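Notes follow the structure.
Read from first to last, the chains carry the letters A, B, C and D; within each, the first residue is number 1.
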Amino acid sequence: MTELMTEKWRDVAHIGHAELLTPVPEESLRYFTSLLGLTVAAEGGGSWYLRGYGDYEPYCLKLTASDHAGLGHMAVRAWSPAALERRVGWLKSAGVSGSWVQPEAGKGPFFEFADPDGHPMRIYYETSKWSAPAGEPPAMKTNHQRYLGCGANVRRLEHVNLMARDVRACREFWDDGFGLRTFEIIRRPDGSEDGAWLSSTVQGHEVIYVRDYLGGAGRLHHLAFWVDSREDVLRAADLMNDAFVPIEAGPSRHIPIQGFYLYTREPGGNRIEICSGGYLGFDPDDNPVIWTSSEYAAKPGWGARLPSTFRNYGTPPVGAPAESDCSDWPAPAYLGQP
Amino acid sequence: MTELMTEKWRDVAHIGHAELLTPVPEESLRYFTSLLGLTVAAEGGGSWYLRGYGDYEPYCLKLTASDHAGLGHMAVRAWSPAALERRVGWLKSAGVSGSWVQPEAGKGPFFEFADPDGHPMRIYYETSKWSAPAGEPPAMKTNHQRYLGCGANVRRLEHVNLMARDVRACREFWDDGFGLRTFEIIRRPDGSEDGAWLSSTVQGHEVIYVRDYLGGAGRLHHLAFWVDSREDVLRAADLMNDAFVPIEAGPSRHIPIQGFYLYTREPGGNRIEICSGGYLGFDPDDNPVIWTSSEYAAKPGWGARLPSTFRNYGTPPVGAPAESDCSDWPAPAYLGQP
Amino acid sequence: MTELMTEKWRDVAHIGHAELLTPVPEESLRYFTSLLGLTVAAEGGGSWYLRGYGDYEPYCLKLTASDHAGLGHMAVRAWSPAALERRVGWLKSAGVSGSWVQPEAGKGPFFEFADPDGHPMRIYYETSKWSAPAGEPPAMKTNHQRYLGCGANVRRLEHVNLMARDVRACREFWDDGFGLRTFEIIRRPDGSEDGAWLSSTVQGHEVIYVRDYLGGAGRLHHLAFWVDSREDVLRAADLMNDAFVPIEAGPSRHIPIQGFYLYTREPGGNRIEICSGGYLGFDPDDNPVIWTSSEYAAKPGWGARLPSTFRNYGTPPVGAPAESDCSDWPAPAYLGQP
Amino acid sequence: MTELMTEKWRDVAHIGHAELLTPVPEESLRYFTSLLGLTVAAEGGGSWYLRGYGDYEPYCLKLTASDHAGLGHMAVRAWSPAALERRVGWLKSAGVSGSWVQPEAGKGPFFEFADPDGHPMRIYYETSKWSAPAGEPPAMKTNHQRYLGCGANVRRLEHVNLMARDVRACREFWDDGFGLRTFEIIRRPDGSEDGAWLSSTVQGHEVIYVRDYLGGAGRLHHLAFWVDSREDVLRAADLMNDAFVPIEAGPSRHIPIQGFYLYTREPGGNRIEICSGGYLGFDPDDNPVIWTSSEYAAKPGWGARLPSTFRNYGTPPVGAPAESDCSDWPAPAYLGQP
């Protein structure tokens, strides 16, 4: 086991899905279907299971009615049955408690546990491959469903960004325990970290942690969905703008991973990103780029300045005034406006 | 008047709309709304009036049930009431008969006449400006309606391409009579022309004539709708492919005007282009680029070879075998296939 | 004459070029050739004449050594010899003094005059058409030179943005005197204007005026060069960032005309935009979109907030502290940094 | 070992570089630097070592003078020292002979061997990370060099396509021996394969084999270099067209992997692709998409038909007439033309 860990054997294949909680489920569903272009693959138990047109699995988003916004859980798919077994073994050896959860809507069983900040996590191997509905085959069998070009037309869930009181502990948890590679870190002089970007593939981010400056626990910063070009991110901004959905930031480019982004808030209050671009990291060596706080503050790359809510707001909110001051948003007139 | 003509005073402001005839109106309507993303602005008298999201007028396409496919008519908007009067005056002085047609769905009256090949044409000045439905204002008042991002999401009608037995006569008709500028010509050694590209603006084409090699009269080669980027043309190909709509040619680039194209056939049999790109022509001097037949045949620019139907097929068809041989199409399997 | 004016006869065909003054001519030249991708068409008298790859004329930028930064002059091409004569006649009838200037580098003679704010202007008809150097023909004769793909690879000068104490007077000067159409206006309650966007073609801007809040005279806000896609604007930001050229704003989208922009400062201190996108205006009627100050301040469209220098800085500077506070730039670390 | 193989442990991290042989080295070098935008990282022993702007290693192309065109060798980087050891162990256990080669220009040592068709291959772990030249740091430390935007501006080597008499044997060699995943296969009724697409990452191709219909041995079909958008592939076509470089196919889209392509011939005669797009494959299960010959021949996706040379021509040529008939190229006039 030790040797395998040293080599960063990639037992995790990719991010599988996220469960999002919303207090206004019908409105949130409309946002994800009409505006993001996801389709409902299954429904039940107060949840909808939604898929992007590029998902080989049945779904990448589980949307669940709740009394508050936030993350239900996040799930990653193991590379193989043996890999799943090894990861569960590691969790036990590391003293992380967890338990098995029954399959849902064609995926699972899942082993459920929590990261050091308390975010619910799942790992699974068993899954089913999506078949297009009868009578609606895509033209090419390399596609998983027909391309409909609806709304922002997102292809899949790309990454999950979580807030944490101890970013470093969370990063090391995924690195040590699951072999995710760290691509970039923002590190303070005291060794603590303001942000960390990890991935199980050559894509620069799949799991991200950013410091929870307001001291919440287990909060969600955002979910990000992928579109194939930066041009598509720009189109999404037109769409969101005319749907009077609040645009918190973008379109612009981040310094970390250089991803091109657009941030809106879905009706339930969760922050949702539409993203594209960013670099691929092929180097298997363990050498993340480390930004010192001052290097990062110097803003070495182009890209709009992020509004202050981007730093402070997460779901569920903690109730601090700093979370709701959107006076520096790109289009503030739209908050709460039809 | 003579002096004005010499100066190519642009009495025509832009192309206004086209009327398309279809023997399967419901299916054609579905193509234009679900796949092209046009919306119905008005309906009546066996026709639908459809608009792109960028149209400042109520519509750019009139879709009419008929026993055959083809062009109903094409309409251009005059620059001013006086310009309209001058053009009607020119038609009369040139011995071209015509008559006034009542307004339709917020445009008109129209003066209707025929070009030298017999295509019905209209010119008008009076029009109404589109107002978004109550409760659905776009975010910015420079937009004419909300951006919905549906399907290929075409912005407007960009050009009409007509087949003619005498391309040169048709070109000179628009040049002499209406001040359209000729951007490019394909000219044979005998002085006759295989194609001519004209426009009333800096955009390289608005009215195109190509030789009708099968000797039909008043036939339509295609209508072209604009999208904002070549990337959007590529996306449209995915969409059409998965909708099992026959793709006749493209995505690729034409030599004339360098426009980026995708050609499909709407269910009624009419050829429809989705286009973007192409150069703008700012030079007011009368100096079209003239391709000799051999220069053009040498294919000086990149771009896929066009299938033989592109040369032969128009609507309504004349019934020649050459019109229906689609063995060299990019995706022939889809003809008549669900 | 009166009737022609009423009809907005477009005697102006398009913007021809701008002369830019720079105190560091060699460095400015390097910026325009290596980074923007312009090429030198001619040289002489302390100036370089530079062209974009899409220019049909020999040049769109005259770069001239001077003791200060700013606009040398701006030139527009008349539609015809008679149109030139009419415009010169109008200037005389309006009491605007001017005089003829000898041809330069294949364009002219020019009639030179000043707009109400004192910016030097020229109008001309005679020009020469660019021929590619012997041995370097482009593949297609519709192109004016080979496509080299250098740097930001701008195609042509797209617009000139001028600061003025009385925006409205300047706008009316071009509208009344030259038939340019006004596309958008930002108007205060007192009827004065903060900005006006005019054009002689369907493209939304060619000549722009914005209020000179610091009360300078004849100052330049920026020159804008066109690239064919928003993707190319994004690429330009990478290029400028790595060349350590100060990025003042963007990439993002403006509300007026909806143009996608990137603003940098060339070494001489002049603000230069790389732009794409924006809507086309086909409606010939005289109905500009008028934003009230409060509508505009409400920021109805997405797009980054502009830094304060964007409002205050022009060339030549007037020496106010507000002109040089770049603390809210997207990448402030680069000012004066190698 | 057996267990590890069953799990497809990805001991290969990514493709490292290719060595290309050319009989006209100076001209080939000019093509790769001026047109593709690669830069020379090192030189020596009759070879140049060239890099894309995105390479973290010193080079992705070794260009070597030779009396014939073709592949010198292809190299893949192992995930770790232990992974390298395991792969060399597998080669020995499989009876594949090989030997160690000294480091070159900052990479290596390499273990060299041959695939079943005789193409020289190398695997290595040791490498050096590229440092930008002193005084030319990129603005962001996540970039490996400055972004210069030269020519087609390729980022890196993306894949190598090799011709083979027995595609299946070659595919199984990489799959069994190196854990590369097979994404797609074109399979004949007799079980033999016409094409196979393999990768060590989520990107759909890195190593491709296609049938050598003319029965050559160890031949190269093409090298492919990556650009970040399909728009950039289209730009590259303009560039190549004006440089009078022969364009064999594209821009268009392949059915396998759905990659967007442009094929030109570098002066030495080797076929070079500029590519972008294509899907990512996240599913770790061993379930390639298998096209039957007839499914593939039915052309289920849009995209131009490939010219016959695309099937027949490889380097070095075997001398068959079918290799040189370029009558169906998109721009045949340019072969051998200045």
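Assume contacts are C-beta pairs under 8 Å (C-beta built on N, C-alpha and C of every residue); 3 or more make two chains touch, one makes a residue touch a chain.
Since the structure is predicted, the reported quantities are computational estimates derived from the model, not experimental observations.
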{"item": "Intersection of the contact lists for chain B and chain C", "value": "A, D"}
{"item": "Between C-D and A-D, the pair joined by more C-beta contacts", "value": "A-D"}
{"item": "Geometric centre distance via CA averages, chain D-chain C, whole Å", "value": "45"}
{"item": "Between chain A and chain D, centroid-to-centroid distance (C-alpha), Å", "value": "33"}
{"item": "Interface hub residues of chain A, defined as touching at least two other chains", "value": "139-140, 229-231, 238, 241, 300-301, 331"}
{"item": "In the complex, chain B residues that touch chain A", "value": "138-140, 143, 146-153, 229, 231-232, 235-236, 238-239, 241-244, 331, 334"}
{"item": "Sites on chain A touched by chain D in the complex", "value": "3, 7-10, 13-14, 54, 56, 77, 79-80, 82-83, 129, 139-142, 184, 201-203, 228-231, 255-258, 277, 279-280, 282-284, 287, 289, 291, 295, 300-301"}
{"item": "Interfacial residue positions of chain C with respect to chain A in the complex", "value": "229-231, 234, 237-238, 240-241, 247, 250-253, 260, 298-305, 328, 330-333"}
